[in-house]
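Naming follows writing order (A, B, C and D), and every chain is counted from residue 1.
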Amino acid sequence: MLYFSNDYSYGAHPEVLKHLTETSMVAAAGYGEDIFCIRAKEKIREAIGNEKAEIFFLTGGTQTNQVVINSLLQKHQGVISAHTGHIATHEAGAIEFTGNKVLPIRHNGGKISSADVKDYLETFYNDENHPHMVYPGMVYISFPSEYGTIYYKDELASLHNVCKQYQIPLYIDGARLGYGLMAQDSDLTLKDIAENCDVFYIGATKVGALCGEAVVFTKSNVPDCFITLIKKHGALLSKGRLLGVQFEALFTDELYLKISRQALERASYLRKGLKEKGYRFFVENMTNQIFIIIDNEKLKQLQKKVVVSFWEKYDARHSVIRLATCWATEKEDIDELLKIM
Amino acid sequence: MLYFSNDYSYGAHPEVLKHLTETSMVAAAGYGEDIFCIRAKEKIREAIGNEKAEIFFLTGGTQTNQVVINSLLQKHQGVISAHTGHIATHEAGAIEFTGNKVLPIRHNGGKISSADVKDYLETFYNDENHPHMVYPGMVYISFPSEYGTIYYKDELASLHNVCKQYQIPLYIDGARLGYGLMAQDSDLTLKDIAENCDVFYIGATKVGALCGEAVVFTKSNVPDCFITLIKKHGALLSKGRLLGVQFEALFTDELYLKISRQALERASYLRKGLKEKGYRFFVENMTNQIFIIIDNEKLKQLQKKVVVSFWEKYDARHSVIRLATCWATEKEDIDELLKIM
Amino acid sequence: MLYFSNDYSYGAHPEVLKHLTETSMVAAAGYGEDIFCIRAKEKIREAIGNEKAEIFFLTGGTQTNQVVINSLLQKHQGVISAHTGHIATHEAGAIEFTGNKVLPIRHNGGKISSADVKDYLETFYNDENHPHMVYPGMVYISFPSEYGTIYYKDELASLHNVCKQYQIPLYIDGARLGYGLMAQDSDLTLKDIAENCDVFYIGATKVGALCGEAVVFTKSNVPDCFITLIKKHGALLSKGRLLGVQFEALFTDELYLKISRQALERASYLRKGLKEKGYRFFVENMTNQIFIIIDNEKLKQLQKKVVVSFWEKYDARHSVIRLATCWATEKEDIDELLKIM
Amino acid sequence: MLYFSNDYSYGAHPEVLKHLTETSMVAAAGYGEDIFCIRAKEKIREAIGNEKAEIFFLTGGTQTNQVVINSLLQKHQGVISAHTGHIATHEAGAIEFTGNKVLPIRHNGGKISSADVKDYLETFYNDENHPHMVYPGMVYISFPSEYGTIYYKDELASLHNVCKQYQIPLYIDGARLGYGLMAQDSDLTLKDIAENCDVFYIGATKVGALCGEAVVFTKSNVPDCFITLIKKHGALLSKGRLLGVQFEALFTDELYLKISRQALERASYLRKGLKEKGYRFFVENMTNQIFIIIDNEKLKQLQKKVVVSFWEKYDARHSVIRLATCWATEKEDIDELLKIM
């Protein structure tokens, strides 16, 4: 079988595994206070150009969203998100489970606009009944979005400005951050991301690691006793080194960005092949997720040889599917896939 | 520095790392539906002698306790635990955070007695005000306990009987399960554990893995939609393989038990050395955690060369400290430690 | 000032106050086990034609929604509601606070259709990713809706059928139940309501009482230890008699329905007057809430003499306001209001 | 039957009912913004001698505890309470349900000492593992305690000093505040209470009202958007006037204190009678709750004619029961009770 359903079908990048292996018998402190975490944080601070950034390592995306949102929101607040945001749809209610309402707004290809956010906030405060409603206390976006689209620099700055005006944090879910930053049409760097939000995470589970997300607070805005809050969520690893070691490898010699770029080159190659074969794209984007419209019969045939992600019904006879590349995708596999399709 | 503070100071057993490395480029399904998880579960079922056991892999101990307890309890129920139980003391309120009260009862060296549990349950139901109180809906024990002591077969069977009588599950926190089972004075096997409770977990974070705990339901008692509940807790890894691969290695050729036994041999060696040097033991036990009483001045000197765990104040001039061995502890390090002490 | 902003501006119906006063010095059991609660429940069972209905008294609407929804849902489930449902908008996140997600669907004048509910459920179960999503575990409707519209018998039966097909309860928020049942165009009786859902509440705070809502379970479906769950929500009154006494008065000689009918006659009278004066209605309905479109300048003038509810912006120069009648509305006040408008 | 089981067996004081009746047809704003609430707050501010106190009316004791504790605690904190505290025992886990751990400490007749609180706090911060534990973030006491005992001025001041030293609030549950203040041995006034804590509530459900507790914040320490938080707990009455009207009556001409004093005179009378009959007291106290030790056979006889509260088993042949007086207790009933006993 060929695997193109997602970007988490493989283990870890060889450099990551190598570093895990070579550091294994070095004794170290627990709970993220080890030397590997310390060094990894230093490397990330350099990469984002912010010496004072405070960094915490967590294990997975939903966990990270739950911990960050629950810890940053005040008790009367909820979080604004696109209807299609991961927290609004595919986290099994993890945000609500810990007491916080997701406040969905409309999206365009998975992205929300600063105008819509501003309108939401204005309308809320103009409504005399707003004390009976959940206060919007944060804006959540994913970069790239759930549809593989990316925000451009002016869009991100504009969103951040609205947030600053209303004194609420902008939070970026970077589960696939590398695959967004390295996209051909991206005008954002890691540094830009760090500057244009209040907290974000650098996702590694989908970009070279076995697991791991690095939460970055850039505005001296770490919640009080955040380690205790992480523990309370059941999210504090006793062997925090597992995360530190991996991030140390990924942020040495720009490995994180390099393997992201490679995945995108593979995606471009696949996209080009699909275009030549006449496939229509459901969303136009340049990141590692490709959404195409496919005939249902054709899909059935395809699924005998390829694992793909069914995304949604398109019409009575067609479906939308996702094909994804990642740091581990081989050119040969793409060639074979294109032969079959 | 010598590290004797705990059993999570090292990475993973070489066999675990080797298996992670050699399987890394095999594509597999996400969210724990991969071939490695499937095979690991099969091996665990064999090891516990229960073909129908249902197994789920989670990442850490507090997370596992939170997920299991919250998912199994009914909404009017709480969980009985020793005052000293990990869930009652050192999980930063993770159990209460998700809405469940811990109902503490007295302990003896970290263990609770079936008589005390029975008394609690009887008193509760005899109290005419009990509808205004949290119903005891589960019994939680740790094996070994937080003081390194273990339950014996008759004690465990007796606890389980009380639970059966009141139709509430007995849950065993096996964060250090191997170090309990392989103890010289233990009369319990993995099979006995599986038979004498309703749900337990096999801890691997402290026994050879980078991370990972295997929750085992033995009585066809998996909560409805448990995968969704795990996700809701932020505890579902997209690369579930990380856990499956490690447990596959640990349950091949009894590696889990073998490395546990070795850690205990090292603990015996250390214990013997300490006894010879005249140290007094705060708790008598035969597992991998050793609790000794030490002069405060002596402790200060020691800490310049050895990382140990301060446990509690003993008297004005003495402290209780914990020294722990693990699968990775070298005999040479113990010799060096004994020289210093 | 004239008060037309809502239906909770006055105290209680004289019969209710009289009964509170005349029973005050009769000693009775606490926590809803008193003779008044017992008699009130009996009267309600008669009124709904269901001898086996199980009834509980709570204090307010949001509290009732939180208690019922949280107690009935399983842990992986959320509740389907109109986007405009009270639980989705004006309960400050009370449903999410206790861990449950509201799953909003589109509405028509505040009502949801059985076709849309069915479509939601079908789509959910057809989505292969649904284990990562919140399961729809209940359907919530309000009768009358937040826009004063009502469901007709066939619509309600149809909604209930979809729920039965998917084995999830249909829950009716009857904060203004009387004002819906007595509407001129209503083809539903209390008995029909009881038959065509799984749980509903009879709202009295807005219909003659100082406070009080009667939750009615009609399908032997009371959650385990429901009294304990009510207590856990902080919703169990020690003097439960306060609620029992009031409901006893309201369900004696059909007082509840009679005062509802009178409020609707007053609403008709007001509606007629507004129509004659040329006001446009934002929603066509026949219950006690009247939504009209009004010029902003006119509104400013009006608010000097009348308390009304601003509902929403209509266009740059007009607003939607709500005028409500209740059991206490005097014809003279309506005449005065119409003079001013 | 005679009712001596508790202090919530009757309706409301005639003055309270009268005021409810005479104000009923005065239209007023909803959600506690009515003129009655405004006036009642003013009267309470006068009574406690604090012009700036911020006051909110809630419906019941457990609700009040849940709302206040959940709203004031930070997310990593729990609340210190006596093992026997109402929140620790008889609130069905309401505090934990909303995510907060109760941290129990030992008591003496239901009271906790400042020394024990200080010791708890010192030990906590000295423990190097405290980031893995729930931070003590508030001290909860009840006045009078669950055993009818009261704190004296120096004890209260001392507790408050420890709290100030650690910058955590002291919260007084005053469900029976009047019955504590008016006790013969009390050296505290309402003013003293207000000065010697950070937040407290004046309980009226048990002191003359149908329902109602007044939460008083005395240190400009109302949580942000507290009305929204109250709503989120399902605790905001639309007819907030119900509470305002009652408190207005109770705080006119010191009615609250007068009826408390009368209940205590009745309790003295009963206590004297019991002493003369040779009954032993389980707790020595001078408030409205009397705890006596009674022969089990005698108790059975008694219960045929009197409703009493079984408190706990004393020994094989004796029980502890509670007899309570309240504002409504008649001297004649006490005489009859004494005849029977």
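Operating definition for what follows: contacts are C-beta pairs under 8 Å (C-beta built on N, C-alpha and C of every residue); 3 or more make two chains touch, one makes a residue touch a chain.
Note that the structure is predicted; figures quoted are calculated from it, not measured.
Asker: If you walk touching chains, what's the least steps from subunit B to subunit D?
Answerer: 1
Asker: Does A-D or C-D have more contacting C-beta pairs?
Answerer: Taking the two pairs in turn, the one with more contacts turns out to be C-D.
Asker: If you average the Cα atoms per chain, which one ends up farthest from subunit A?
Answerer: Computed centres place D farthest from subunit A.
Asker: What is the distance in Å between the mean C-alpha positions of subunit C and subunit D?
Answerer: 33
Asker: With chain centres defined as C-alpha means, what is the inter-centre distance between subunit A and subunit D in Å?
Answerer: 50
Asker: Please set out, as single numbers or ranges, the residues of subunit C touching at least two other chains.
Answerer: Counting only residues that touch two or more other chains, subunit C contributes 76, 91-93, 97-99, 131-133, 228-229, 231-232, 236.
Asker: Give every residue of subunit A touching subunit C within the complex, in rising order.
Answerer: For subunit A paired with subunit C, touching residues are 76, 78, 89-93, 96-102, 104, 128-129, 131-134, 310.
Asker: Along subunit D, where are the residues that touch subunit A in the complex?
Answerer: Interface residues on the subunit D side: 70-71, 74-76, 99, 131-133, 135, 223-225, 227-229, 231-232, 236.
Asker: Enumerate the contact residues on subunit D facing subunit C in the complex.
Answerer: 1, 3, 5-6, 8-12, 14, 17, 20-21, 23-30, 59-67, 91-94, 97-98, 205-206, 210-211, 228-229, 231-239, 241-242, 245, 307, 328
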